[in-house]
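This is the structure, below, for whatever I ask next.
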Amino acid sequence: MAASVLGVLFDGVAYGSLLFLISVGLSVTMGLMNFVNLAHGAFAMAGGYLCVALMQRAGMPFLATLPLVFLAIALVGAALERTLYRRLYDASHLDQVLFSIGLTFMAVAAATYVWGPNQQPVRLPGFLRGQIHPGGVDLGAYRLFLIGLVAATTLALHLLMAKTRFGARVRASVDNRAAAAGLGIPVDRIFVLTFALGTGLAGVGGAVGIDVLGLDPTFPIKYMVYFLLVVAIGGAGSIKGPALAALLLGVFDVAGKYYVPEAGAFIIYGLMLTLLAFFPRGLYGRKA
Amino acid sequence: MTTALRTEGLSKSWGGFVANSQISLSLPKGARHALIGPNGAGKSTFINLLTGVLAPSSGEVFLMGERVTHLAPHERVKRGMARTFQINTLFPGLTVLESVVLAICERSGAARIWHRTVAGRRAEIDEAWDLLARLHLDRDADRPTRSLPYGRQRLVEIALALAARPKLLLLDEPAAGIPTGESSEIFDVIAGLPDDVTILFIEHDMDLVFRFARRITVLVGGKPLTEGTPDEIAADPRVREVYLGELPHV
Amino acid sequence: ETPLKIGLVAPFSGPFADYGKQMDAGIKAYMHQHGDTVAGRKVEVIVRDTTGPSPEIAKRLAQELVVRDQVDFLAGFGLTPEALAVADIATQAKKPMIVMNAASSVVTTKSPYIARFSMALPQVVAPLASWAAKNGIRRVFTLVSDYAPGIDSEAAFKKALTEAGGEVVDSIRVPLRSPEFAPFIQRIKDSQPQAVFVFVPAGEQGIAFMKGFQERGLGAAGIKVIATGDITDDHVLDVMGDVASGMITSFHYSAAHDSPENKAFLQAYEEVAGGGGRANFMAVAAYDGMNAIYQVASKLNGKIDGDKAMEILKGMKFTSPRGPIAIDPDTRDIVQTVYIRRVENIGGHYFNVEFDHVPDVRDPGK
Amino acid sequence: MLRPFPTPAAVSPEEDVIRPAGPCERIARLPADRWTLRETAFWLMPVLGYFAFPGYLMLGSQILIAGLFALSLDLIMGYAGIVSLGHAAFFGTGAYAAGLLASHGWHEPLSGLLAGAAAAALVALPVSLLVVRGQDLGRLIVTLGIGMLFFEAANKAAAITGGVDGLSGMEIAPLFGLFDFDLFGRTAYLYSLGVLFLLFLLCRRLVHSPFGLSLRGIKENSKRMASLGAPVERRLVSVFVIAAALAGAAGALLAQTTRFVGLDSLSFQRSAELLIMLVLGGTGRLYGALIGAALFLLAQDILAGLDPVYWQFWLGLMLVAVVLYARGGVLGGAALLAGRIRGKRR
Amino acid sequence: MSELLRLDNVTAGYGDGIVLDDVSFSLKEGDSLALLGRNGVGKTTLLVTLMGFTRLHKGRLAWRGRDLGGMPTFRRAHAGLGWVPQERLMFPSLSVEEHLTSVARPGRWTLKTVYRVFPRLRERRANLGNQLSGGEQQMLAIGRALMVNPSLLLLDEPMEGLAPIIVQELVSVIRDLTTGTGMAVIVVEQHARLALALTRQAIILDRGRIVHRSDSASLAHDDRLLQRLVAVA
């Protein structure tokens, strides 16, 4: 019994980690930069496809593709930010929603055109497959890897945003672009860097997520709700919030599915509604 | 004389920081009362507690003898409390006329009506024009509020509060950003309100304070330091030390 | 002579875009092989995209095809709701409606003008249960997606297994949009059945299930996976790779089916849709549906009349790439052989290799 | 008396003209309900369309229904400022309510329509309490989540709703006992047009009313509205429920005219497309909803016909273009253009 | 002293609209200029035009002889323009201290010197930008602009909302700045007499045009003019 509780907890944390990994990029673009970027999934998908291509065509090992994916998708993000996204910082959330849904549709169609509508295979290296059994508890190797990756990413991002001057300048630029620029903060440069960071992370999330979430052209739409859930429940403007939200969602979802499978999808929505009823701005919400 | 507003031990703190501490204040009906004090003394916080924008950590608020501590802001407005904001809080996309008509409809209860057009509300519209004329805003009536210069937006701020025909009017630095000559005109309008309207205002312009206030409370560090007539306050060395400094004309 | 018009109503975009593509390619393959004229009339296929599960668009498209384009046949229908919504139109307009996928039992009951060339879900589920019982698999755990087809197959499986003397030890229904299978699989592992019967949509759900199944060592613990063939759909099988290896499924079509008809079909398919992946059961159903349309047209000498066409369709029999098929004259539903297959690696590619079969299976749901 | 304030700096020439505010002038620029020639012309179009395009009446009635649905979203989004990604929940509720009635022996269409609207309003009430509390982003998510929840619930309740197979086999009695719902969709079209027109009149009146003005006030600045004594949350709840009823009516219309209700009527896709329609046309102007719905469905029909596989790409491109170059949608863009031209002429 | 800022026939506004009409003046290091006028005459517009937030329709803006025209806003700040906006424009997600450090550029103004002028800010240094009283925000807006170590400080109604005692402190700070360090200031103020007491030159705007210019001292004595153009009672 104790082992099963531990096992469920572990699975939940691991699943939460995955949720966070694919959403963390969004908590940068949407949470910190205040841009409702529903096309987040499209960047994640691009990361996934790139990872698959590097592994299949170039024969690269899985782990080695990740930094490349980050860089490449960050560059794509930067290019799009320069050409398109930047024109919409002043726009309403609604306009941003529509713009990014539009981009998502285009990305879905383009991916179908290039890759076909099918699932893409990904083969993890041997040491990331299977389970290990310390002390009688079954722990999935890939899940351990996810948890580690998330811990590192969260910490690094949190420090970057909350403790460095760069982080303060990002927040200042987001709070009030005119004032920030008027005080000598190079807002454009900061935005492009931050946006690239967000999309790069999205790409990595996509690559890391293929093994569990699969990869096909509808990816950006299929998982949009999950990204949004994590960021909205966590609260805009922090990294801690979404991390906590993802873990909560993960643990509740897994425990619900294990102990009361009949409840199905309702657990995650129920949890979401309850949390938002009590924390309308999210767990770590920015004050109005 | 009846009391219009009374607070009992009103306090507000954030974490360890005490912004208002045990403020007990009582204003008779028709008072023209100023609240002054150093920056960060807790004046705006006090107004926010009165209006219900903030919930007090402890203490009570009574309006016309009725306890309103736990009422929502809009319910206090219904009972005759209106305010202006220190920083303009307006309807940028509505025209000045629309804003004022809207405010009047809220007061008169017409705002619930959904089956008649606004243009048909003659009484409210006439009242709005009168109010605009009194504040000399009538020639800006059709401009969207956002396109008005700052100073004139301040006037809209006041118009909205007056539209509520308040029994208790709370003004948070109403004249900020308005040239000195014109700000005293605004105060003339305010002073010209019926005698049973109780007014509590915050202001850092001492010319205005000493001209219009009949009594003054000085708030320092969240606590009332003293209360008195303008002459008493002007002569108080403690007030000079923490707030007035060496003002030439006081 | 006006062309013989066939209105193809299917999703070509959205999450089910693949359905439309497979059907379109199956139809093209047939026409590639048999020419684009029949009974002296040129065959014209008018393609209409329903954009996803969108019954009202399907219905409107069908109505427009009937009223405006005056088609002779309605065909396609990837998804049950789209087929159901259109049934009315077929009845009102007296147009034969050739169903090339929609697999719920009820579909054919909604209009006397419907004939189905694909399958009914219980049709492939029941033989699997009897096969399992016959082969000593008596304690089975069922895991199905929580939607109508999943629930139907859960019921059909349970019924057939119990009748054959087996027992369903526990049943789980998983949400349709659930990327996380670990807790379900853990539950299966904890209850130690002999096999688990799975019905989830092909694609990432199937893959996610199999990955979890392997990762948690259920296979090593001696638990078998049995499923209907959509989870190891030919179209996705290579993507699943070795996680699917050894899986036992029941289905009516496998690209590895060994017959001259199938070889010819696959070759034609390759020629019209080369590079687009492997043909699957939807392509075959479309191919057979087209075959039926050609037969009807030539028997009627190109003068299509709804009622006469239905008379010809009822009881129609021919050898399809999947094997012998027939249309039941009473239900207008398909009667076909159901195969039991195992996933094997043949020359670097994975295939469903048939090793047992049950002939002439009807939809037990009717 | 005070002496008048100095004139503010003139930004535009019109400010220089000091108008005495006569009784007519005084209300000239407040929301009124006068019916303009342009509007008459607009409403003549669908009537003409009925005669001009007899082969497209199904499409026509779907446009009208989508227009009604978009109208409902415009009320809460364009006027009250609540962005919803889950409005399909109410559309679907209306559709299922009407559909269930019709498939259980109640065939009369008008009462079915009312039932659909009422059912949607009923479920919207508790939902609205949750929605109005939040901020922009929170609302986006809550509505999205509620939409998903409704979808799952309808899927789970397959015994009643038919699950993914959908609800079919409903029978609709002739409208007013006279007009049968025919294969050509004539009755469906006129029925939808009639309902849309009546409900449009209602919305038009509502947004021009003091209540409508207070909604705009809330959208502009809800904090200030509260300090004017407005019960902000209650107002939002009212308009949310009204909008839900309209959405329910639209859903019921769809159920009755297609005689089928699928789970898709509750899907995210539908909510998202709705949003696109409204924005394409322009928010906060009622007509934008109608124009957007027409444009979207026509574009979908034409693009999907031209390029069935990749039409989504073009749809996406269209959206991006609208946001980048025609903010405010078709009507917003037109108003801007008209303003420019007028400005030039001066 | 060398010339710092020069405006030649500047016509500017928001979008197509014109607010400033043919404005010219110049400023040397250590100069101080009072910018007066009624509400809406374009005082703020003039300052934000210097920062590059409006559209320049005609004319030329020069900074130390260099054209400012196409220079992005943040470079203007780097070049030496320090801006105290009228609405204060706090950053709600930055603490008081972060407000100061995130914009800091090297020079004589540091965290320490700013805190010395506004001790209140040190007390509240952990508060977020929107958790400050109106006056504290004003102090922070000024402190923040000082941290950029500008050569020209643009003060848009800096005394608004400050307690009299702080106003007196600020007046002496600004006087010291201009006389002691060669920093130039432009002060927009509703309290005309205060602004005039603080500066050496004055400009009065009306409807976007300069309608009067003189030295501050003589204007301060011209009650009729002040009354007519600035509505000083």
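Each chain carries a letter (A, B, C, D and E) given by its place in the written order, and its residues are counted from 1.
By our rule, contacts are C-beta pairs under 8 Å (C-beta built on N, C-alpha and C of every residue); 3 or more make two chains touch, one makes a residue touch a chain.
Model, not experiment: these values are computed from the prediction.
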- Item | Other chains in touch with both chain B and chain C | D
- Based on CA centres, what chain would you say lies at the far end from chain D? E
- Query: With chain centres defined as C-alpha means, what is the inter-centre distance between chain B and chain E in Å?
  - Reply: 29
- Item | Chain centre separation in whole Å, for chain D relative to chain A (CA means) | 33
- Task: Round to the nearest whole Å and give the separation of the Cα centres of chain C and chain D.
- Result: 39
- In angstrom, rounded to a whole number, how far apart do the mean CA points of chain C and chain E lie? 75
- For chain B, residue numbers touching 2 or more other chains are 148-149, 152, 182
- Task: Mark out which residues of chain D touch at least two other chains, giving numbers and ranges.
- Result: 8-9, 11, 152, 156, 309-310, 312
- Item | Sequence positions of chain E contacting 2 or more other chains | 38-41, 231
- Where on chain B is chain D touching in the complex? 51, 53, 72-74, 77-78, 82-83, 85, 89-95, 97-99, 101-103, 105-107, 110-122, 124-126, 129, 136, 138-143, 147-149, 152, 160, 163-164, 182, 185, 188-189
- Task: Provide the residue numbers of chain D that touch chain A in the complex, in ascending order.
- Result: 77, 83, 85, 130, 133-138, 140-142, 144-146, 148-149, 152-153, 156, 268, 272, 275-276, 279, 283, 309-310, 312-313, 315-320, 322-324, 327
- Query: Can you list the residues on chain C that touch chain A in the complex?
  - Reply: 13-15, 17-18, 21, 146, 172-180, 182-184, 186-187, 190, 203-204, 207-208, 211, 214-217, 235-236, 238-241, 276-277
- Item | Interfacial residue positions of chain E with respect to chain B in the complex | 38-41, 44, 86-88, 120, 124, 131-136, 138-139, 157, 160-169, 190-192, 227, 230-233
- Quick one: in the complex, what on chain D touches chain B? 2, 4-5, 7-9, 11, 15, 18-19, 21, 26-27, 29-33, 205-206, 208-214, 216-217, 220-221, 223-232, 235
